[in-house]
Amino acid sequence: MQSVKRRSQKAGLSPGTAVHVGEQKIEKVKITVIDYDQDNYEVREMQAVEQCMPYRLKPTITWINIEGLHEASKIEEVSKCFDLHPLTIEDILNTEQRPKIEFFDNYIFFVMKMLSFDEQKRTLNVEQVSLVLAENKVITFQEIGGDVFDAVRNRIKNTKANIRKVGADYLAYALMDAVVDEYFEILEKTGDIIEELEDKLLKRPSQDVLHEIHGIKRQTIFLRRAVWPLREVISGLEREGTSLIKGTTRIYLRDLHDHTVQVIDAIETFREMISGMLDIYLSSISNGMNEVMKVLTIFASIFIPMTLVSGIYGMNFNNERSPFNMPELNWYLGYPFALGLMLIIAIAMLFFFRKKRWL
Amino acid sequence: MQSVKRRSQKAGLSPGTAVHVGEQKIEKVKITVIDYDQDNYEVREMQAVEQCMPYRLKPTITWINIEGLHEASKIEEVSKCFDLHPLTIEDILNTEQRPKIEFFDNYIFFVMKMLSFDEQKRTLNVEQVSLVLAENKVITFQEIGGDVFDAVRNRIKNTKANIRKVGADYLAYALMDAVVDEYFEILEKTGDIIEELEDKLLKRPSQDVLHEIHGIKRQTIFLRRAVWPLREVISGLEREGTSLIKGTTRIYLRDLHDHTVQVIDAIETFREMISGMLDIYLSSISNGMNEVMKVLTIFASIFIPMTLVSGIYGMNFNNERSPFNMPELNWYLGYPFALGLMLIIAIAMLFFFRKKRWL
Amino acid sequence: MQSVKRRSQKAGLSPGTAVHVGEQKIEKVKITVIDYDQDNYEVREMQAVEQCMPYRLKPTITWINIEGLHEASKIEEVSKCFDLHPLTIEDILNTEQRPKIEFFDNYIFFVMKMLSFDEQKRTLNVEQVSLVLAENKVITFQEIGGDVFDAVRNRIKNTKANIRKVGADYLAYALMDAVVDEYFEILEKTGDIIEELEDKLLKRPSQDVLHEIHGIKRQTIFLRRAVWPLREVISGLEREGTSLIKGTTRIYLRDLHDHTVQVIDAIETFREMISGMLDIYLSSISNGMNEVMKVLTIFASIFIPMTLVSGIYGMNFNNERSPFNMPELNWYLGYPFALGLMLIIAIAMLFFFRKKRWL
Amino acid sequence: MQSVKRRSQKAGLSPGTAVHVGEQKIEKVKITVIDYDQDNYEVREMQAVEQCMPYRLKPTITWINIEGLHEASKIEEVSKCFDLHPLTIEDILNTEQRPKIEFFDNYIFFVMKMLSFDEQKRTLNVEQVSLVLAENKVITFQEIGGDVFDAVRNRIKNTKANIRKVGADYLAYALMDAVVDEYFEILEKTGDIIEELEDKLLKRPSQDVLHEIHGIKRQTIFLRRAVWPLREVISGLEREGTSLIKGTTRIYLRDLHDHTVQVIDAIETFREMISGMLDIYLSSISNGMNEVMKVLTIFASIFIPMTLVSGIYGMNFNNERSPFNMPELNWYLGYPFALGLMLIIAIAMLFFFRKKRWL
Amino acid sequence: MQSVKRRSQKAGLSPGTAVHVGEQKIEKVKITVIDYDQDNYEVREMQAVEQCMPYRLKPTITWINIEGLHEASKIEEVSKCFDLHPLTIEDILNTEQRPKIEFFDNYIFFVMKMLSFDEQKRTLNVEQVSLVLAENKVITFQEIGGDVFDAVRNRIKNTKANIRKVGADYLAYALMDAVVDEYFEILEKTGDIIEELEDKLLKRPSQDVLHEIHGIKRQTIFLRRAVWPLREVISGLEREGTSLIKGTTRIYLRDLHDHTVQVIDAIETFREMISGMLDIYLSSISNGMNEVMKVLTIFASIFIPMTLVSGIYGMNFNNERSPFNMPELNWYLGYPFALGLMLIIAIAMLFFFRKKRWL
């Protein structure tokens, strides 16, 4: 719900105003530049935004990674340096976007959600990643510096890697691929939790299990919200006839699209499984109640008639001249007769319930 | 349901008849004109409708804002002054429209719903806003004079603002943006109420909570009704090849479209959460009943057999010559034996229920 | 279900056979002709079908209205007089059609459902209206002569009315508009009933309320069946590039289309509200049962242990030499002690239930 | 489920192998030829497949009807005589097809399901009808010889009938129309059963009614499975630009398409009604349980306290010197007092339950 | 859930890296080549991957079947020998794909799921089959060597078989057809289990039956996941204008498409039936509880009042001078009167419950 709350802070401002919407997650904005082509490779951390300028028109591939979005002015400067539209800057700074893609004349802008699973709290952390793909340039904006992109950085370092031979569009693809690969890890953990809950459900269904089921259900809702629009983003990239994406990269995008579809497919399966678990939970409550009722019914139906017998022979009729004056009380076997009567009642009831298959 | 009721007042009238459908919300119709270009800026409140005439063909950008729709004739005069089609006038006066867009030869007409949240009654207030975008002209029709458009007015006052440099299409966009920004506030409040209800539900589920959940559910139904068609309105504006919308403004409309999608997304998430809450509520009722039944069963199953024992030793068998004449009554430890028997029964039952995990 | 039953009467007949399917609703078929242009206006009731002939090629606008469909031969004659296709004639006579539109070379044929609400039985009456729009001609076929079209007749009488200046396509539109306007009245009444049922549901949910809810649910199913296909009929009319519909009329059709969408929108909202009411009903039953169970449990749990105490002191142990021979019976305060014991049990139970918040 | 079972017999065979899949329903394969044009009419039953040969290129319209599909070789011979594709032959022999349409170079092949209602078992019988429409030729393959096509045969006999004047495409249409007309009869019977079940449900909801509701639900599932794909078959025929279907026949196909939509519409309405009945059934069970619980609660709550009173005065306190020694027992009006106490308790409870509206 | 787990092993690797994802199912990778044309036929098992080379450009039809995917390097060599794209190799090795199709310049790649039913565990086994169709070449990759393709191998051996006369595209079709034919067997078994469960449900609904129903429900979810995307794969093949598929084969693909639709249709029917069974299960629990409650209520309501009577005449009122001192105790017929009173109560209660139709 945070997404909704913070967004409203901006109401009333002119569209395209550079204001950071979201919470500050790290201390300092950090800008790293990786510049490479097939033969050269250079990494630097930038101290001042002006240092971006030389990379504007360089023919080598430049990846500028910005970590931390809370200093709106810095982000704005970097963005202006690469001629980004004010709305793009606004979107980058607003961390409550849906995954989306926008095509501008000289660049493509897209927003993704990077997810990570907090093992302890068993909740999903969501971080927004914005990516700008321009001629020979990729600019990424992250809320926190994660290690998801490290694998890509390592591939770039390797002089012989395929990534060194291909263009900025492939770099953008590789970064997206890294984000989507993370989703599979989330799915794995979600799958584990679901299996664990299924076991609990079979052993001892309780209100707590219900709340856990609802927790995981809500998690899949959020997961779905992050992945569904991404599918359209990728198929947008794949289909749109832009010169920024080369044919060879399109094949990789198609593959990435398939991965996203696979993630969505798994989420939908999870949803069906969760809904099945809710059904089982509800019916196990009803079954439990049935069980309780049967115990009560059996006890009451056996003992109440027996109590009646004891009550009858506890009556005080005392007209001693009457032959109807509770003759049983004077019988030689009166007491065993009464106990026997009770026993017969009890056995009859047990037979009755056995016939009804309640025992 | 009001929407339905009032609409039927008009049945039988010729289409295009100017009749106000809806309740009168303010006392007097108020017409304000803001006329500006990059260098000039003028605001006036109009006393007579004829004062509109000079603005008909002025090359500056003119925003005519009408507050209050109950004087059908006045609205009709203003509308005719700017050559609006009779059906447009009818639609403006009928405050029970769905958000919609209509393209005419010389203008674009669209209807939106302005929502506000009544903190006290916890209900949504809906106000209809109609907007006509013509060459250099924007005419807005509101039921009540709200302060939603104030932010736009202030931006226009500022000589250096971007809005002063661009056309009437951008003004129309800015007004729509202001309306959509309001939706985020509603979403925030709805989100708060949902969280509050979730807490209540966990602490003490009651019939009242159910009614509150249904109240908020109904609210999201209405919210959805207002926003879903708006999405089509905006994407209609964005795509339609009309000369009234410039390319630069289209980028902003795309952004607005994204906002609407974000609102819809949040509403759908709310709906799923509410439906999950209903599930929890229903299962907590069943759980509660289970609890009640268990208490009854435990009490009855423990005390009824004990009562039988007491009943047995309360019987009056008195054939004193018989050795079966309730010998226990004469035992030295008869009474402790009876009490002990009861105690054993009670303990056995407790073990039984413990084994069943009911205790 | 009538629709299904009567339709099967025709099985086995050659397609295009003119047979009336449906019940006879009025006594006599009545044919009225209204012929007008901007200057002339003439109304006549026709006695013989041949009287239609002069209107075949007249350049003025002719509206032929037929009330009552049970005389198949008469309908067939009229239809043939205006060159209608045998399948059209069959469709006109079969009053169990779905709303639909068919384009023929020289005319457009469409079927609508006219609905009216029977206040007493609280049911919907459905009447089929077929409309043929040909060059300068509109032919309408009604099952009963209703007063829905009276408003249109009155507008035509008025020399200055817009309808006198425009063509047959506008007349067709005006008639459709009259039918759709009727739907708003139905919606209003349905809305009233739903609100009434909601009140009943909150005050005293009973099986009767459930049946009423299901009654209104069924009604919305039928309403929806009548309106959904109509939307496609109207958008078909609006889009199809036929010369029978002029551009100026298309704007009106677009407006009518909006009205239909508004009706559908309201029906869908009703459906969601009804489904919410069913949820509330079901949970209120469960709540009621919970309540009943609590009363039982509280009574049983308080009185059964008290009864045990009374049972114990009603036992007849009588070995007078034993010190364990129910000494309480001889205590000076024995009786008050027993009563006190019961009271303590009762109070303890009340505290227990209070703690459980059942009281 | 039969459809699934028998189909698997064929697994592993080469596609296009002529094997009959399904049960043998009649004893002998019967081949009838009806050959006609506007002036001539001839019917013959064929003894040998070779008798087909003369009809191959005859310019008159030939309808070959084959009843019984169990002699695969015979069917194969006939089919080859008219140059049918091996896959078509396979499809004809496999009686577990979905309704479908296939366009080949020289013919159109389509499969339909002929349904009939078995009054006694209250189940649907399904028979597959395959139809091949070639130049001047219609070949129909039926599992059993039904009387559905008799009406068409009679129309052909009649020299003046329209069907004699038009082509083979109209004949194919007429046969399809006969099949669809049968569906209306099924719908009528289904509607009757639903109404009957609704009555039963209101009078005395029982587990049996539930099973009947589920039986009819399953029937609508099968009905739907037969009709839904047929709609696409017909609209395929209507739209496909094949020379085998003439423009005049297309109008009839459009009409047939409307009928299918009407059938589907009715099925969907049935489904909604059935789902409403299930809701009513479930809530009536809950209501019934509520009722039972109330009776129990009322009885227990009235009699258990009364029993306590009787238990108290059955205690044996006997310290005769104590003034607290159950003085009531010695009261002059002790017994009436005790009875009165019980009566007061009973009346109080009755008032309590009356106030709770349980009585 | 396995699919999700194992996939995440690869996170961080460069796309197109050849790594086997999945479990090793057989011991040794086995490569078989079948090379044939209308006149020649040759089968060999390959020992070294280089043996593939001669088949690269041979004009005869070559089917290379690889069983076992765990030796990534071997698979990679074979694939490179036939110029497959690195992404294709990655997809072949990743056994957790969704069915999909990809068109490359010189070949078509598609993935299917081969299903088999494990009779003992009553679970579905899933094996992935990848198929590459190139000019005159079909390469299949299986996880285990199954016998599903044996029927195709036998058809190829037969010199006169149709398959010998047609191209590689028909071979690919034949293999797909063999996979789809297997689905019908699964459907048959699923159908049997569903029928069995329905019987169990009617005879004795228990929590076990519920778990079995949920097991079969989950199975249909997985079945659906395997078949739904296959439909798109096949219709992709059928429509795509590639020269690798000849027109004559397209007719067979259309037929295969129909089979897939039939499988999907059956799955959807199963789902509806399973959902109906869950409804029946839930309502049978409620009915059972109703039954239990009735027994309890009847017993308690009959015996508790009788016990009260016995309790009353067990009271000890003993003021012998009072005429109200329980005179019944001294009546000549006191005891029979008391017993009679109880009997009357019992009979009255039985009548009451009979009237309520609980007996």
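Which chain is which? They are A, B, C, D and E, in the order written, and residues in each are numbered from 1.
Keep in mind that, in the parts below, a residue touches a chain if its C-beta (ideal position, glycine included) is under 8 Å from a C-beta of that chain, and two chains touch if they have at least 3 such contacts.
What you see is a predicted model, and the numbers here were worked out from it, not measured in a lab.
The chains that touch both subunit A and subunit D are E. In a homomeric contact, the two copies may use the same or different surfaces; for subunit C and subunit D, under half of the interface residue numbers are shared, pointing to different surfaces. One inter-chain figure worth recording: subunit A and subunit E are separated by 25 Å, centre to centre, where each centre is the mean of the chain's CA atoms.
Shared interface positions of subunit A, i.e. residues touching 2 or more other chains, are given as 282, 286, 289, 293, 296, 300, 304, 307, 311, 314-316, 326.
Considering their complex, residues 1, 3-5, 7-8, 10-16, 85, 87, 90-91, 96-98, 100, 102, 104, 204, 207, 210-211, 214, 217-218, 221-222, 225, 278, 281-282, 285-286, 288-289, 292-293, 295-296, 299-300, 303-304, 306-307, 310-311, 313-316, 326, 328-336, 338-339, 342 of subunit A touch subunit B. Contact residues on subunit E toward subunit D in their complex (touch as defined above): 151, 155, 161-163, 173-174, 177-178, 181-182, 184-185, 187-188, 191-192, 194-195, 202, 251-252, 254-255, 258, 261-262, 265-266, 269, 272-273, 276, 279-280, 282-284, 286-287, 289-290, 293-294, 296-297, 300-301, 304-305, 307-308, 311-312, 314-319, 321-322, 324-326, 356-358.
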